[in-house]
Amino acid sequence: MRICVINPNTATAMTEVIAVAARSVARPDAEIVAVTSPMGPASIESHYDEALAVPGLLRAIDDHPDHDGYLIACFGDPGLDAAREIAVAPVLGIAEAAMHVAAPLGRGFSIVTTLDRTIGRAGDLVEHYGFARQCRGIHACDIPVLELETNPATADILEKACREALHADGSDAIVLGCAGMADLAHRISDAIGAPVIDGVAAGVGMLSSMAAMGLRTGTASGEFASPPTKIYSGPLEGFGRT
Amino acid sequence: MRICVINPNTATAMTEVIAVAARSVARPDAEIVAVTSPMGPASIESHYDEALAVPGLLRAIDDHPDHDGYLIACFGDPGLDAAREIAVAPVLGIAEAAMHVAAPLGRGFSIVTTLDRTIGRAGDLVEHYGFARQCRGIHACDIPVLELETNPATADILEKACREALHADGSDAIVLGCAGMADLAHRISDAIGAPVIDGVAAGVGMLSSMAAMGLRTGTASGEFASPPTKIYSGPLEGFGRT
Amino acid sequence: MRICVINPNTATAMTEVIAVAARSVARPDAEIVAVTSPMGPASIESHYDEALAVPGLLRAIDDHPDHDGYLIACFGDPGLDAAREIAVAPVLGIAEAAMHVAAPLGRGFSIVTTLDRTIGRAGDLVEHYGFARQCRGIHACDIPVLELETNPATADILEKACREALHADGSDAIVLGCAGMADLAHRISDAIGAPVIDGVAAGVGMLSSMAAMGLRTGTASGEFASPPTKIYSGPLEGFGRT
Amino acid sequence: MRICVINPNTATAMTEVIAVAARSVARPDAEIVAVTSPMGPASIESHYDEALAVPGLLRAIDDHPDHDGYLIACFGDPGLDAAREIAVAPVLGIAEAAMHVAAPLGRGFSIVTTLDRTIGRAGDLVEHYGFARQCRGIHACDIPVLELETNPATADILEKACREALHADGSDAIVLGCAGMADLAHRISDAIGAPVIDGVAAGVGMLSSMAAMGLRTGTASGEFASPPTKIYSGPLEGFGRT
Amino acid sequence: MRICVINPNTATAMTEVIAVAARSVARPDAEIVAVTSPMGPASIESHYDEALAVPGLLRAIDDHPDHDGYLIACFGDPGLDAAREIAVAPVLGIAEAAMHVAAPLGRGFSIVTTLDRTIGRAGDLVEHYGFARQCRGIHACDIPVLELETNPATADILEKACREALHADGSDAIVLGCAGMADLAHRISDAIGAPVIDGVAAGVGMLSSMAAMGLRTGTASGEFASPPTKIYSGPLEGFGRT
Amino acid sequence: MRICVINPNTATAMTEVIAVAARSVARPDAEIVAVTSPMGPASIESHYDEALAVPGLLRAIDDHPDHDGYLIACFGDPGLDAAREIAVAPVLGIAEAAMHVAAPLGRGFSIVTTLDRTIGRAGDLVEHYGFARQCRGIHACDIPVLELETNPATADILEKACREALHADGSDAIVLGCAGMADLAHRISDAIGAPVIDGVAAGVGMLSSMAAMGLRTGTASGEFASPPTKIYSGPLEGFGRT
């Protein structure tokens, strides 16, 4: 089976981190195809960035047909519903996947994300996916996305934020709130003595399971059927379905 | 005061319908500036269309600074949070505005939208805005968006769908689920004997009130502050904030 | 259009504050008719006061027919459903109106009210109107209602309470929890750098919009139809519908 | 112990029905004091009636101090929070009591009330008390309150409505939605083979238990402390606390 | 009437405490039959203990047929749904009963339980019974169940925990989270000046009321009908219904 | 990795069906160890059966230490929290696993279970896991558990029930509500053209992912730490932790 992991920003260094995390947990019979968005923001740190990352994400899916699953590797899960309309295989966001894996690992989990301003979106997703009872808090570690890999103090700062969140919230597990943190899950878990869930690994696992089960996004209600054909204009002209 | 009403698809005929509806309820001291999206889909009938309507919407806001309110005239409220980050004045979606106006008009309301496949998104918005108790049903009239103005049977079909929704749900009011229905609110209300809320008119009213009160989107939590500067690439290169 | 703003307590000085706030935001074509309750408590600071303010409120509505909207200017929204049965135009409470206006101005809002003992009722209204997610906290400033206008420290105390609520709750906006605070909204907003919503102004705006749209309370489900005729006895004998 | 059961309308025939139902379940050591409201509507069939029944209810409580519990025998639970402020013993509404007793008797219950227009209020109470999951439906039998005792077909109509509700909702129990139905609970239960809960009996039982446990309404948060002293004017002048 | 109160652990000393609490509030015409579980854990302090207390509880019910109500005297309400299938009379858990009695005594209540690790289960029950709004906090006093009676400091520690919970949560009432605390309710209530609810007394009161009303668990939906006959094997062989 | 799949009833034929389903989706590097409960009911069709299946389930876990995940193969998820306290690896129930996999496959799913009387428990789990919005209906096919394998019409009856549920609920996916249906998922999916989720396969997939990520149940809050040592007596004497 082939799982397509898409970094919806244009930072190839982050795609590398994501690819490594994805491959570290993949089934022996699964191939990980890691893709960087062909257009849009260099990182996603606002609703504005997130909205404008979606065209690149959708283009990436169209450019990589015939995979058995698609993972959107940004914790805002941008473009998820749209992606489900055009992909022939299941699509997950890493926030969604991480919460589905975290929920059964204890009574409650805490999310630790990058910047304060992303807390609102994470909270929306918690509500949307149904984890309002299980998610006991959302916290920021105040490191910009692209500094996660370059700031030598990232691991220490993040570990501290995770430990504090665990205790403040009375949680049993931590969900990492950015794809760029994927390489730190094990280290932090060992340090704080609690499960730490990286959404990239969680998503690869869930998509692989779905593929093994032969599952695809359901289209019975019509909502996730292919989008109607439509004329598009301007810089997005090429996006019109035909 | 000046209220900017943005049609996020590229159909100028629909912009006209929207502008007329907006002006019909505007305060005497309010100017309505109706804008058609400069790029993207000709109509919005899927999650895919909606996601790809957002760049044009955001561009339209940037192209029309210095207004006292911005209304997103598509019932999916595309790009709402992103728009709040870049607009200097309050931003509303027409689904949001319509529900805020409908809720106090009775015990419950029903939504009547265009195509079946848009029911899921409408339901998400109902939950997100907090109207799960008040919204008693979401129904489709099975008319594609761009046929609303051209199909001679539109008014009859929509009136029938509204009447049936009112009774099936035990509702006191109807919310029209598409900006392209704005011109039919009064006719249907008279026919079915119940308040029928068009989100365009509702949005103009709420934004005018906010402007009169001197209100702007709050930025204290940081979530809706201006997006960070960022390099954008590809066809969206021009969207990078500087 | 004519909007009837009813102060459901008998303190005419508070009616003046309310009238000024209402007129400051009214459409040029709207007349504000400010009314003081003809009977009942001098101020509303308990469930007991609130319940006993309702007869005067209902009498005031009956005494002022033929308006285009009625606003109940007490943050407990007393008698709202009953008023909807007898008024020929839409009726709003100021708590209801303030929350509808505050919700779209950010991720969350905080309410700052007068006395501790009113927090419970405010919380009930938050739940009832559907704003449990958006309302992040309800706080008291410990000033009795009738001292709001006479205590020279009111503005400072209230400003401090609003600032603290904003930060403690991580909110983007403040809702003032008493009609007697209407004159302070702008001053506090300027001081704390966040939108501050006065329900009187919010209510006038929403009712004006409803009037411009030609909307009335829906009666399709029967709940808000005129009350059945009924014999009343004792001091309330005159309230029987005939 | 003495339990004061208050009929908040002025129909003494209904007070008799209520008194019989209350005494049929009372502890051997409990005295039931049945009281008819001294003023207000002859029956309660609208929000308007309910609001205007509250002064009489509160007066009745003040007129009967030194009891060990107070039951408000109208299914809208009018004036409940206000009554808790002035009574020295616990206060229950019959809707509240009936739901607390019905919930543990199965997976879900249905409410059968008098007129369609009372369904909205019943639904509000279901939400307010926390029984949204347990209450599976609210139905009307279309008999006006004062006809319950005089219409010879009442028992048959009500039995039919209860049986239909039980099956339509997949419920395990029925809650009767009017104090005037109290005498029919056993007959209908025998006929439909399911528990049928009359709120008068339920309320007497819960209040007796509270009295035996020595419990009173808590005032620690201040909300249910005695109302502040206040000047009242007009026909309600005598209601001011001193 | 006869109410069967079952201590689902094997500690007879705790059964005595429970029996005394039950009898202190029983109706004059009610007989309290206190039963100790014939098998299983000596105390219940984990999900494991709770699960393994259920066979003994069910056996105790089968061993005591022909009672008018059954109370499960452990705050985790173990085996409640199973018990309802086999008992001919209503069954309550003490957590369930305590919450139903506490809810009407104020705006909110706090639970004070034994060990930290039981907080999760208490929270589940709060959600399950519908008291998420009313329950404002769950706290542990860190005393193991079997030390409640032997530790001379129990009363002081528990009183302190209750007082702190009341203030921290802004609650009006306290629910005691263990049957072994039943003898301390009055002392703590007097000390902290707030109602303190013991579930054993609450349960006896509710079951007595149900018995007086002639109520039994409803079986209309089929869920609580007698379990199907079934072959059981191993140490549980004797549990098979025939 | 080794995944232990436990059939908590004593029917070895059902264990075989479960084992085949589990192995059909397992990673190439995963060994499936299928275990039949050593005691208790022959099938689980009531709350009573479910409660009494837990000792055997817990014994099976203790008898199979050193696995990388434990799956409870009964749709009531019996003993889940208790199992998490004693297992050194993650534990999932098949209802839990199936819902986590079904939720991302569309807007909503329907559950099709065996007997009517199991609908209540399934509904509790839906609420408990947070899928109240996603689960749109729970339906029974009226086939007893042990007849699933022997009744030649099972596949046709179940397919019909799934098709009807899909349309009645407007769902995008079906969750099979019994481990004994595991072998029919693909056939029904092909027949109705929608994803059909078997919890056994879903659980094996999720547990394998957790194992690959090195995740264990979190114990930071203390709730899922090993149970305290305790004396057990009677037929359950051997269950005491030491």
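Just so it is clear, A, B, C, D, E and F label the chains in written order, and each chain counts residues from 1 on its own.
Following the convention adopted for this analysis, a contact is a pair of C-beta atoms (placed from the backbone, for glycine too) under 8 Å apart; a residue touches a chain by one contact, two chains touch by 3 or more.
For clarity, every value in this text was computed on a predicted model and none was experimentally measured.
Counting every residue number used by either copy at the chain B-chain C contact, over half are found in both chains. Of all chains, C has its CA centroid at the greatest distance from the CA centroid of chain F. Ranked by distance of CA centroids from chain B, the top chain is E. As a whole-number value, the distance joining the C-alpha centres of chain A and chain E reads 44 Å.
Chain A and chain B have centres, each the mean of its CA atoms, that are 29 Å apart. Among all residues of chain D, those that touch two or more other chains are 107, 119-120, 127, 133, 170, 221, 223.
Across the interface of their complex, chain F is touched by residues 10, 38-43, 45-52, 54-56, 58, 79, 81-82, 84-86, 115-117, 119-121, 124, 127-128, 144, 221-223, 225, 227-228, 230-236, 239-241 of chain E.
Those residues of chain A whose C-beta lies close enough to touch chain F in the complex are 25-29, 90-92, 96-97, 100-101, 103-108, 129-134, 166-167, 170-173, 185-186, 189, 192-195, 197-198, 201-202, 204-206, 208-210, 212-221, 223-224.
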